[in-house]
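Consider the two complexes below, in which chain A is the common component and chain B and chain C are the respective partners.
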Partner chain A sequence: MIGSALVSGLGLGSMYGLIALGFYVTYAVSSTVNFAQGSSMMLGAVFAYTFAVKFGWHFVPAAAMSLVLCALYGLLVEIVAVRPFARRGSNAWLMATVALGIVADNTVLFTFGREPRGFVLPWASEGLMVLGIHVSKMQLAIPAFGLGLAALLHWFARGTKYGKAMLAVVQNADAARLMGINVPLAIMAAYAVSTAFAGAAGIMIAPLFNVHSDMGTLFGLKAFAVAILGGLTSAWGVMLAGLLFGIVESLITAFLGSSYTQILTFTLVIVALAIMPNGLFGRAELKKV
Partner chain B sequence: MKRLLISLALAAAIPAFAQEPIKIGLVTALSGQSARAGEAITRGLQVAIDEINAKGGLLNGRKLELLRRDDESIPAKGVIAARELYFKEKVAVLIGGLDSPVALAIVPIANENKMVFMDPWAAGTPITKNGAKDNYVFRVSAVDELVDKAMLQYAQKVYKAQKPGMILVNNPWGESNEKGLTAALNERKMKPAGIEKFEGNDVDVVPQLSRLKSAGTDVLFLVGNVGPSSQVVKSLDRMGWMPPIVSHWGPAGGRFTELAGPSAKNVHFVQTYSFFGNQSPVGQKVLKALMAKYPDIKGAGDVTPAVGVANAYDAMMLSALAIQNAGSTEGKKVRDGYYKIGKYEGLIKTYNKPFTPQNHDALTENDYVWAQFIDNQILPVGMHK
Partner chain C sequence: MKLAGLIVAFAAAIAFTAMGNSYYVFIMATLGLTALVGIGLNVLLGLTGQVSFGHVGFYAIGAYTAAVLTVTLKWNFWLALPVAALLAGATGALLALPAMRVRGPYLAMVTIAFGFVIENIAVEWRGVTGGQNGIMGSARPTFLDTERAIAIAAIVLAALATWGFHVLTRTRWGAAMRAVKDSEVAAESIGLDPVRIKTAAFAISAFCAGVAGAFFFALSGFVTPSTFAFSQSILFVLVVIIGGAGSLAGPLVGATIVVLLPEFLAALAEYRLLFFGALLLVVLWLAPDGVVGVVQRLAGRRRKPRLAPAADVTLGEPRRAVLQAERIGIAFGGLKAATDVSLRADAGRITSLIGPNGAGKTTVLNMLSGFYRPDAGAIRIGGVEVQGRAAWRVARAGIARTYQTTQLFGSMTVAENLAIAGGGEALLSFVNYRGDLDVRAADLPHVDKRLVEIARALATRPSVLLLDEPAAGLSRQDKQTLAVLLQRIADSGIAVVLVEHDMDVVMGISDTVVVLDAGVVIASGAPADVQRDPAVRKAYLGEHALEPRGARAAGSGRPFLVVDRLEAGYGAEPVLKGVALEVREREMVAVLGANGAGKSTLMRAISGLLRPVKGGIAFGGEDITRLPAHNVMPRGLVLVPEGRQVFPELSVLHNLELGAFRRGDDAKADIESMLERFPRLRARLHQRAGLLSGGEQQMLAIARGLMARPKLLLLDEPSLGLAPAVINDLFAALDRLRAESATILLVDQMAGLALALADRAYVIEGGRIVASGAASEIAATGALEKAYLAVN
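Our next item is the complex of A and B:
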């Protein structure tokens, strides 16, 4: 029972982590986030379903085109729901991103339909025996992809000049601009990457789940809890917090029953944040006044 | 001369009044996820109404007329539509309640105003057993507490179940069936291996199912709509564990095979009727009428969901008998008219005194049939070799 709970937890946790990485990317660059990351995840799944099932494309180009469209949606989020408010020092982007997510959910409801659809990928659901536990290939692929992406992001942010430029933006946007960094472009790129991450999570979860307009709501909420728990300032921290959250959730369900899952998981999040206000892997920020 | 003109006008008005149609109201979901089921109910009613009208209507030649309203599965919208149909359109019988919450919201309006409400779908036990002293609510459909008894009967008969485990969606419907299944098990001095809940939006139900597996579950009782039910089946696939699954009728509500994959066929669920197999003369007549009226129906497989059509057809025919017995469209008289129905050869079965003041449910657990999805069709269990 522990083995299968761990496998389930790792799979779900990687999904939470992947969406939460999107929070990390935009927060690291602009101190803002897209609160409706769940909608971005849903869009990834809906686009992939449309291209792969309705249009009959091969999975790879369908997924690639979906990620491009998700990235474009990220640009829209930044231009419409974040920039106009952040530029004037207002925090109204909080509400604006939620509102845009609701618009996206309802547009999909209207165009895609209310009925959940199945996104079947035979190779994804093929089972394997690992240490005596029956797991599907997709369950193994999801954590591998999530951890790989976190590693790539860590390397990009710390090891490349573009990554350093993006991090410089958040430290001092004016100074960064004076140093020749295109600040608006850096922020737009961060949003595009952020929604593409959520879209990737949606594409990977779709074969395990059903595709419908509100599939991302609960995921988005949990991913935000994970981002805060991880600390929002560390890609590794956010990903590890996602895995931890998923595993704890599965173990509570497996040992105490599903009635306790949400109560205990979120209680543990509150306790963890009360003890470590900057998250498990976050650093305290210095604010000059 | 003036008197003659008035007399002529009155004489002309009398036949016009006699021909005034009897209005039958329908409140159901006609859009959204349950739209197909709402359309099935409409078709069952319309075929019955056409048949009655072709025979000259009711109450000395008054034709029946169907008025439909969409509740979008939202109780508040159902209530508004019910009030409009009762008070403005003056329907003789209101038929409706695809979703139990909508039906439960309409029940007090019917009882307080002494107007008949006939439920051809929603299975919530308290819809007909609503505790009202003066009950105006009738049903031709499955009833949760009876379905639960039937699920246990089926699991014992077919799978020799000793330790069934429950996997139930975490909402009032799941809760209602938890009570029903527990009571059914208690009656037979049995205990469940375990009772597990899952959320409608859960991706992975493996932890809950692992608990049931460890507790020695030999048959799974499943209660959930089509989406959540498919998540249970996919999780079982991932675990490599496929016990017999006996389910409420949730999977019948949508594209179960598409959502759950090839293992969808392992789920056996309750239905009240199937147009496949040998049909009674009434079954043959209804299928023929459906094929003649609706070009998209080419055979039994196109009548979907069949329970919506069958329940609605019988509900309309029994309501017509009640109106005829009442000799009026007045609420109390029509209600008492249902109690006077004797033997009637219906589509689902031959009814014999289907309603009494103590029993407002025409179907019992002996009237259920068991079905499974084979590809995209719902077939009676055992029909597909």
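Our next item is the complex of A and C:
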């Protein structure tokens, strides 16, 4: 039982981690986040379903197209719900992104429909025996894909010129401008990456859960808890927090029953933040007066 | 007037409910309860500035407590109601504990998590809550046995809560909540404890939601978990934001819109969440103060200004006490910001703390006022040790302070700013404030902000007053008035500690001057002695031992950079007041001046980091006045900013590569040449730049700037905070650039260093050029010493 709980915990956790990395990317560059990341995730799943099932596309182009659309949605989030407020130094972006998320969820509700749709991928549900545990291919693909994307992000940040430019914006926006880096553009790019990551998580999760307009809400909130616990200042911290969160959640479900999952995980979040206000892996910020 | 309007509105609502049909009765009841939650949330969100996305949790606690007590345990509703409300309120106070320690998105997360925990407890604690089926029961309260009666009761409750909110905003607690929202730092410095205030706000707010929840159960006769979903919390926030956070009528207007609109526009009912999402966005864009804020602005209530009286006021005798710091020190991430600093401020005396930029002056003030906890040493006031105490406790012990950037409670009026600190209008007269008492502090001109901040600090009846650069940004005349004021404050018996760059002010009024350099006290004594102290002169003016290089033949004669009548700044008062200068090709030009004269502002404006208010900047014949920094830099104008500003988490190599970010070609060869130019960087090539010493970071910053192959290099305070030996290396590096005929505009406090290198120099004082000419001429005149140390 522990084995299968660990496998599903790793899968869930890597998805939380992926969505949470989206929070991390934008927070790092601009100190703002899309609070409605769950909607981005849901959009990824809905787009992929539409292309793959309704239009009958092959899974790969369907997923790729969904990611592009999610990235575009990220640009919209930044332009509509973040920039106008960040510019005047207000923190109303928090509520504005929530509002935009509500709009997105409900637009999908009225266009895509109310009923949850099953996103069946025949190859994904084929089973395998790994170390004596029965797992589906999808359960293996999800953590592999999640960790792969996290590694890709790490490589992009450390190994490419543009990634380094993003890191520079994080560390000192003014100095970055002096290097000729277009900071507003970097922030938009961060938002595009952020929603694309959430969209990717949505596409991966869709075959395991049903696709519907508010599938992202709880996921997004848990991922936010993960990002916060991870400290929002360390990419690996965020991914690690995601895996931990997923495993803890699965273990609680396995041993105490699913009734206690939400109660205990969210209580743990509150307690963890009360004890460590900067998250598990975050660094304290110096108060300047 | 406003109250009369509200009374009429409530009376109309009650009358309508008394006569309307049962459909309207239910809507009016919902409206009343939603308004009640909104008013409670307004205490938290509007007054205290704390967001809660989990308020439905408190609403649920109220409803379920009432349900369990009346249905399962057969209590009377009127007994159950206070229990439900108090339980919700107590939970609110409890939730405040973790919420206190976090802010922004972290706080939002705590409240969201709380909402989910409550919702899921309602689902899972089946024995008590009935699980998904909830609790059903028609135990209507005595006296309120019809829906109509409950609806009227709900409206009366909303009216009472509105009245309560009105009263609260007029009490000291309400003012304290607004103070915490505007500036937590300032709230602490007048002795308010933000933890207690936020806890109270959480408790009041949760209490209101609990009452509403209990009545919700009485009204509907059942509770199920689905009523208390996350989206309901969002609707509660919406009620406050749409109406106008912080305003009295805001939640009423918001609740009306949120509850009634979908009912009246039948087509909308289905799309109500979509509509509310869009509405919230539009409100946030166009009317951050909500509907009520817009109406107030349109109404444009004109009122007669109530001017502060021009009376001759004297301060009462304070508790006289000596402030003593003994060998205090603090380090940030291994970097020592202050070491073994000892100072003594006597009652009735002015003790000034001066030093070059980055010397650690504000750090010392932060330790004295309790914002930083010193790693070592003791701070005593009147013999009582206060080091390590919270800032608000230090304030109560008698240490008041003002800030480099004024920290007034911006949304509160001048009179309210004083009242919350315990002072009256007489103090405003004392500090020579002659303006309106009822104007919002945020709308005050700069000089008045300073005065009101000082008056507010005095209102706490301090023994010691700490002032952080009170003269910054003031006109010469205002500075003189300020100096007289500080003298009068000291004469009343208060110990005044002054951090200030304006040497005229410092030398004119100080009894003792303490000089800090690189976090260490290098001199202390009477002003005249300090002015003569060679160590102080060295700290300010730099090594005179450097051999002047002498002027070269004038450059090609073509003006390369032309700055014309430039005005720029950050607030109302411009820092630069019409600066004109030019740099010719192959020329090295220095801009000199004391701290706060506007040197760095000039550099920021030229490089595009700061958009000028007036005037023009031309570079290579092209107007670059309005270009943003990332478009200025590729034209060949590269700034090496003050404080080095390397990217601390990136390696030295990556820092250098970023210097060439906008170059299309391969920068490898240039990196090699930089490592030859600055050999100490080679050994550090793969280390994080943040781990480098100050001198190495400065070399890296210059190398990073050179990687862009600049046509004109701007250097802002390259010698800032560097040890003398390192300054010699820096000098050599700059001398080499000079020999290579690079075009450079250099700003430095170390006049000795700058003048030894430069061909020409400008002296800037108070945002204006006061002298210019060949470097040797400038060095010969006394203008510089006057500008730096106020030596006549």
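Basically, the second predicted complex is superposed on the first by the 278 of 289 C-alpha atoms of A that agree within 3 Å, B and C clash if a C-alpha of one lies under 4 Å from a C-alpha of the other, contacts with A are read in each partner's own complex, and residues count from 1 in each chain.
Here is the rule we use: a contact is a pair of C-beta atoms (placed from the backbone, for glycine too) under 8 Å apart; a residue touches a chain by one contact, two chains touch by 3 or more.
These numbers come from a predicted model, not from an experiment.
Would you mind checking which one, chain B or chain C, touches more residues on chain A?
C
Please work out whether A:Met179 is in contact with chain B alone, chain C alone, both, or neither, and reply first, second, both or neither.
A:Met179 sits against chain C, while chain B stays out of touch.
Between chain B and chain C, whom does A:Val60 touch in the aligned arrangement: first, second, both, or neither?
neither
Thinking of the overlay built on chain A, is A:Met215 touched by chain B (first), by chain C (second), by both, or by neither?
The answer is first: A:Met215 touches chain B but not chain C.
After the superposition on A, what does A:Val120 contact: first (chain B), second (chain C), both or neither?
The first partner, chain B, only.
With both complexes superposed on chain A, which partner does A:Ser259 reach: first (chain B), second (chain C), both or neither?
After superposing on A, A:Ser259 lies in contact with both chain B and chain C.
Please indicate which partner A:Val135 is in contact with in the superposed arrangement: first for chain B, second for chain C, both, or neither.
Touch status of A:Val135: first partner only.
Taking the two structures together, which residues of chain A meet both chain B and chain C?
217, 259
In their shared complex, at which residues does chain C touch chain A?
Within the complex, chain C touches chain A at residues 51, 53, 95, 97-98, 101-102, 104-106, 108-110, 112-114, 116-117, 120-121, 123-124, 185, 230-231, 234, 237, 241, 271, 273-274, 276-278, 280-281, 284-285, 288, 332, 362, 366, 371, 403-404, 407, 607-609, 628-631, 633-634, 638-639, 641, 645-650, 654, 657-659, 661-662, 704, 708.
Show me the residue ranges of chain A that touch chain C in the complex, using the header's touch definition.
So the residues of chain A in touch with chain C come to 27, 33, 35, 80-81, 84-85, 90-92, 94-96, 98-103, 105-107, 109-110, 161, 164-165, 167-168, 170-172, 174-183, 217, 221, 224-225, 228, 232, 259-260, 262-263, 266-267, 269-271, 273-274, 277, 279, 286-287, 289.
Touching chain B in the complex: which residues of chain A?
The contact residues of chain A facing chain B are 1, 4-5, 7-8, 11-12, 15, 114-118, 120, 125, 127, 134-136, 139, 205, 208-210, 212, 214-215, 217-218, 250-251, 253-254, 257-259.
Considering only the defined contacts, which chain B positions touch chain A in the complex?
Contact set of chain B toward chain A: 32-33, 170, 196-199, 201, 203-204, 206-208, 210-211, 213-214, 226-227, 230-231, 234, 237-241, 254-255, 258-261.
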